[in-house]
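I am attaching a structure below and will ask some questions about it afterwards.
Residue numbering begins at 1 within each chain, and the chains themselves are lettered A, B and C in the order written.
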Amino acid sequence: MAEIQPEIRPSRLTRAWDSDLAWSFRHAPVAVVSAIVVLVLIAGALLAPLIAPHDPFNPATLNLMNGFTPPGQANQFTGDLFLLGTDDQGRDVFSTILYGMRISLFVGFSAVFLAMVLGVILGLLAGYLGGWTETIIMRIADVQLTFPAILVAMLIFGIAKGITPPAYRDQMAIWVLILAIGLSDWVQFARVVRGATLVEKNREYVQAAKLIGRSPFAIMLRHILPNVLNPVLVIATISLALAIIAEATLSFLGVGAPPTKPSLGTLIRIGQEFMFSGEWWILFFPAATLLALALSINLLGDWLRDALNPRLR
Amino acid sequence: MTDTPVLSVRNLVVEIPTRRGILRPVDNVSYDIHAGEILGVVGESGAGKSMTGNAVIGLLDRPARITSGEILLSGQPIHNLKGEALRRLRGKKMGMIFQDPLTSLNPLLTVGDQLTETILEHLGVSQQQARERAIAALEEVGIPAARSRIDSYPHEFSGGMRQRVVIALALCAEPDLVIADEPTTALDVSVQAQIVALLKRLCRERGVAVMLVTHDMGVIAEAADRVAVMYAGRLAELGPVREVLTAARHPYTSGLMASTPLASQGHERLRQIPGAMPRLGNLPDGCAFHPRCDYAQDRCRRDPGPTLETCDGRAACWFPLGAERKQEVGA
Amino acid sequence: MLAYIIRRVFQSVLVLLVVGLVAFSMFSFVGDPVDNMLGQERTQADVERLRDQLGLDQPFVVQYWRFLEQAAQGNFGLSYRQGRPVAEILMERLPATLELAFVSGLLALVGGIALGIFTAIRRRGVSANVIMTASLIGVSLPTFLIGILLIYVFSVELGWLPSFGRGEVTRIGGWTTGFLTESGLKALILPAITLGLYQMTLIMRLVRTEMLEVLRMDYIRFARARGLREKSINFRHALKNTLVPVITITGLQLGSIIAFAIITETVFQWPGVGLLFINAIQFVDIPVMAAYLMMISVMFVGINLIVDMLYFAIDPRLRVDRTAGGH
């Protein structure tokens, strides 16, 4: 992909700053703000053990007397202060959100990664090898595409739950979630990669690589893969938002992360019970966090898609 | 030709603002087209020929816009018209023919639907009359059995027939000016000649002024009365087709002729112009053609680009070809 | 065209067979069905008898075939949890889901197409941009949060509308409807908006994208060059071409409303098949899961087929071309 440039090549960093992508990023305030929000939230999740004022899952540090403390007010019995209030068991909402985000983001990233790896590999194979391999892979994709991803994820979750012995169900729930969401989302990647592979396959450089006797595997990896990364990146960004929402939805429905390891969705499920009795903060803050996370990733994905595809502007 | 020209373009400039600066795809272009005349506009892709046509009919895509100059249609300025006023002129006073007949017809409407809606829009006739006129229009462009084919969909016609339908559509509201933007480029060679002949016939019979935009010198030689050669957004040469083709004065025109296989030229070897047309954002100083010109001299590199007015009125070149001969004759 | 339809029907059957295989595998491999059905107190004889009865000693293909036969007759056995025939439970719950899906689908379709056209035509207008931004929030907003938000505003704060259930229903034959009572209609409003909003945003964005794509086409430029009115260009020339691809995806969207109803039904405790399915997953009630899966597949495949037929109605190119492989 490297073009021969007669001039002196500026440093990698300068070139990155000067690239069209960076230029369009700096001139898209929405994208900049979204990126900052995403980074702050990810940092908060990663650093949760350091910045969270309480460890919400250590029963030793919990005081039931602190239950239902409104945000920013001192508790009437203990005098403790909680930034975003506490839930029914006296857990600090701010801390549960930080830890919840960890799980939401972990599941989201892992699921997209799984879907991406699976989709890219199957897409490459289908596109490059053609024949029966392609027919089988794409038929499966078609069948799966007939159903909404969330339904597929629920089903996989249900089956996996059925296979898992009851004692391990809570422990395995996170991994089952990743598997369920990842498997429900590979089709998009596979379709795009297959399409791009079909195009690249007939390019001269691939033909040349074939002629000098490179193995199909090496050709796919070294020559075709780098050329399909742009669309894959766009899909991955959008999929990330979808995966986070899917995780939250499953957990909210009670078929996801268990209350012992709550994600944002689980927290919202818990908080919903207190909506009618006036303890709005238990619901509101996790919901707002989820929304901020999903929205900023979506906005970033939207910008990225437009920036990489000038025709749409 | 003392009457008012149907189309008169005066010092037209079209600009596109980009983040790397302002581009001028059309730079100070002037020409007239009279009734019953075909002006061929020729040049490489990116020379600004289509952009000129789009500017005339008011269909420039954003962010391109006319920044100076005038466009007069039968003496009336139209370059600053907008919206509704411009719409009324399109179709009625000026029509346009596009390059690809496969994509310029709406696939979901019958040919008759598309014709009658245009006729109804511009001519105050009844539905029944509009249909009769539509059939007549199809017959005029040489569609056999027009009456039975009027309710067909575009995909039921062949490429050449579709281009005939496109021409019928452009002419059905009887405009005075037709802009044909590469009307033969997408067609089979065998069909090209028929379409050119059709355009020529309609021009003569109806007295329509035609602006024929093409990169094909053969089409120009076949159809045009006068020819305007464009290079990098500017007019390089403008004159009667016979004279320009046989005795080009601009080195670019001459190079273009030498690189085109024309029956009239005999068996000379085809020659290529070295290099490529510069990109608009990257025009050289002086005459835009000088880096590729065999005859370039210091003045060509130094002085701002020559125009028809600053030169001999036919070629925008400080040292037009054949000038020496003229001097000899004069001496 | 006939060949095309036959091919599509064949494909649909294939999809159903694959789904059937999944459902059947659930029965066979997720937990031991004998275990699940007999409970704690059982004798070896009970186990043998049930094995024989269920045909578990038969080869896989034979078992699969028997399963399909039973499924085609709507016989999915007893719910592990409720001990009643699954088909009976499903039929009881289905009207609630279908009524909800119908109203939401209508809302999504009408609202989505109208807003999509508007935002495409007024691409650079302020209101169109506001709608587009709002729609992005709508896409990012998970369905269940929309539901919670609506409940909070209209039930908790304003107290105008009920927050759960279906209200009073009227029984007409085997069907129960909430359309005929005031409380039934009131109870329908929030769930229908919740379920429809997301689909509406998707349809709107799709219509907008397609319409913008069409508006860039040569035939639109040509129509403009002929001096046709904007109204005619937008609604006569562009809209029809926009709708061809939109119909497919929209059709599929409407199908997925039935699936997404799972979420809405849980938020509003709407007594439909979706809520039933979620409960089945929580309690690993395999027969209910399998039956739901088969039912929803039949619906999806049916909708897909109808959408394909609609294609012919709208696109004259397909009516003539024998090999209808898209355009």
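The rule is simple: a residue touches a chain if its C-beta (ideal position, glycine included) is under 8 Å from a C-beta of that chain, and two chains touch if they have at least 3 such contacts.
By chain, UniProt protein names: A, C = Peptide/nickel transport system permease protein; B = Peptide/nickel transport system ATP-binding protein.
On a predicted model such as this, the values are computed, not experimentally measured, just so you know.
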Topology of the chain contact graph, where touching chains are joined (line, ring, star, complete, other): line
Selected pair, greater C-beta contact count between A-C and B-C: A-C
Subunit B-subunit C separation of Cα centroids, rounded to whole Å: 53
Rounded Å distance, subunit A centre to subunit C centre (Cα mean): 25
Residue ranges of subunit B touching subunit C (in the complex, touch as defined): 57, 59, 87-92, 95-96, 98-100, 103-109, 114, 117-118, 121-122, 153, 155-156, 166, 169-170, 173
Touch list for subunit A against partner subunit C, complex: 139, 142-143, 146-148, 150-151, 154-155, 157-159, 161-163, 241, 245, 248-249, 252-255, 268, 272, 275-276, 280, 283, 287, 290-291, 294-295, 297-299, 302
Sites on subunit C touched by subunit A in the complex: 14-15, 18-19, 22, 26, 29-31, 136-137, 139-145, 148, 151-152, 156, 163, 252, 256, 259-260, 262-263, 266, 277-278, 280-282, 284, 286, 289, 293, 296-297, 300-301, 304
Residues of subunit C that touch subunit B when the two form their complex: 217-219, 221-230, 232, 236-237, 240-241, 244, 314-317, 320, 327
